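Two complexes follow with subunit A in common, the first pairing it with subunit B and the second with subunit C.
What follows is the complex of A and B.
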């Protein structure tokens, strides 16, 4: 075998091993739980019967791990609430449920970016440290009005 | 049947491929090496940049 072949095959093999290791760590740490472990389900036709999603918005939390609960209802083709204000520096658990098809939920410029699937409550906890106006948008094509599906998160002093 | 026939042809053929023909040590693989490492480097740099973007938004 050529000397160069040994080098690039070693490089490829080490890269594969590192990639698999990263995959294993990222699948298990930091709140990423394996499927069917700690997942909350909700009937898509009864999302609005749930008191959290009947009046979605920002609520102070009893949980010491974060300051606020933020609830959003995603449906074709809107988010409820259409605008929300968050005090700067607060740690917020964002929970989103859909009443119809699969939607996306991304707060642009942050790591809050996940799918919202029918029958699941999707969530992500994030600290909003920078004041400003953030666009919320849908990253899963959900129908003819997909591009108009937005909301605004205002992080205020 | 077919295998035997091929085998006979190869035995008579003076241009049978030998180990020497596949010996890579004598080949100049410098260009291949540079392209393989450049591609690998691009993938690694791309991954690192994506990770740094993720960390900066934490």
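What follows is the complex of A and C.
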């Protein structure tokens, strides 16, 4: 092997190792593991019969790890609730289920961005530190009214 | 000497040329159709144009994706690989060629049928056809036939490669034929996923034999294929970079062994990585997502090997031309040869493209950009520029070569204009996409003001910029179409354009152990796939999930 090739490949391998190390530390120490991971099933035709999704919205939580549970129902072509208020600084576990096809749940301006698939509940816990009106949209094509699917998250003092 | 044999048979014979030409005609039609669809999309999304009521944005988007990502690429790849195999292995036998034509007619028919279903608005499910959006069964059947057709053609190419090896025992196989074999073996293994999903899940479900479909499983099988598809596009471009470009600029390739080694690594790390497209979805444990992230990053090694090798070739050539300083060899490169400039511009785009890829594969940053238009910007500067500009660079010599013509100075100049217009349009369009993607603008979405929300207002200026970039790109595509037609129809001069194939600095060194041991290659590939996929798929099969009924929401 050529000397420069060796130097170049060593540089590449080392930077690869550094990248992976950063990801690992961030995942384990920082708690940034991929959103919506894990398996929590739900019957896709009976989402609205589930007590969490019958009246979706913000509920105080008993769990010490976060302050509120926030439930959303995604369906073509709307989110329920269409608007929700969250006290600033609160840690919220967002759970979303779909009654029909795949949707992409995204609260713009935050890290809340995950897929919602039939038969499964998607969760992600996030702290809303900055007041404002955040646009919730669907970022996975779900049909002709795809861009009509919106909601507003108001983070208030 | 293997070399002298290869020099003597250095043309694609007339019968094989016809097969290659048939493929290339589809490439040109796909470029025209897909390019037009792309223009319509950027104009619609600028907010200044409305589509007529008889066609929807998503129909056009489905057409754009299928025609460019599946059709243009597949026809170029199969056509180019037939040309390459024929060029270096002494022509196809009648049987091999006949099998090639059968494969061609399968995917040609399937393409036409799928396009009709899209235009009839029966398959507005985009090229990823995620269930439970349910297309017409004929669309799924067409996609299945398209894939099976590629298996048939790939088999003809592999037969040719193994025949050459049998006839030349103890000799090193021609590099291009080895690369074709790697790409085809990778293709067989990865398409098993999508074929399983289409044949055993989506077709029975869309006919009504079964009522529901397991959504997670069908998506996972799709992406088991879907990321390897990216490398299936990329490897033929690398074939041109490694095995053609050194000859084009007039020097030796850096290392035949390095090229083979990098292709081996691409085979290993192309498939067990598909879940990095599913990092933000439910139904898969964080641990298995992480395993596939690590496997995804392994591609850094063969990518850096390729970059090193290419620039080693360029510098060597520049120094042969008398360059002395640290970087003045760069100026000596053949900047007026379109066969070099088209792929070279592609390589430049691959630098931000590769960095973007590292960002996307990093689990945490992925969540920022997942399904935003950043991703669209990303794959337009990876597949949409490095890959296709290299294809077009190859077509500059391939089209005249197979039709018995020459690349004239006028057409060469036109090729340069084509490259620059494409680069300009793509820079503008993809930059705008990257910027607004970071603030959350979604991909796969028609123009919307999102109820007048301020963040959506900030996207609108950039969406106009996208349309400007897309318009330049479209002009480039028009130049390209005229150029390709002229390359096949200009006057014959009696001189046939060369199909350049490089020799290497280590031409006479033996192949590194194991690199061409197919049992070893397939075993390692399958082993890595099993490591990455056994548990996630087992969980999807055994976990109590109710399947989803089909929906037609367009």
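Heads up, the rule we're going with is that the second predicted complex is superposed on the first by the 132 of 157 C-alpha atoms of A that agree within 3 Å, B and C clash if a C-alpha of one lies under 4 Å from a C-alpha of the other, contacts with A are read in each partner's own complex, and residues count from 1 in each chain.
Note that a residue touches a chain if its C-beta (ideal position, glycine included) is under 8 Å from a C-beta of that chain, and two chains touch if they have at least 3 such contacts.
The structure presented is a predicted model; accordingly, all values stated were derived computationally and were not measured.
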item	value
Touching partner for A:39 - first (subunit B), second (subunit C), both, neither	second
Partner chain(s) touched by A:139 [first = subunit B, second = subunit C, both, neither]	second
First (subunit B), second (subunit C), both or neither touched by A:55	neither
Subunit B versus subunit C as contact partner of A:10, first or second or both or neither	neither
Which of subunit B and subunit C A:114 touches, first, second, both or neither	second
Larger contact residue set on subunit A - subunit B or subunit C	C
Overlap of subunit C and subunit B interfaces on subunit A (superposed complexes)	2, 4-5, 8, 12, 15, 109, 111
Residues on subunit C engaged by subunit A in the complex (per definition of touch)	56, 58, 61, 126, 130, 132-133, 214-216, 219, 255, 258, 278-286, 289-290, 293-294, 297-298, 300-301, 304-305, 308, 312, 358, 362-364, 366-368, 370-372, 439-440, 442-448, 450-451, 453, 455-456, 539, 543-549, 551, 553-554
Subunit B contact footprint on subunit A (complex, rising order)	1-5, 7-8, 11-12, 15, 109-111
List of subunit B residues in touch with subunit A within their complex	24-25, 27, 29-30, 32-33, 36-37, 40, 43-44, 54, 57-58
Residues of subunit A touching subunit C in the complex	2, 4-5, 8-9, 12-13, 15-16, 19-20, 23, 26-27, 30, 32-41, 43-45, 76-77, 100-102, 104, 106, 108-109, 111, 113-123, 133, 135, 137-148, 150, 152
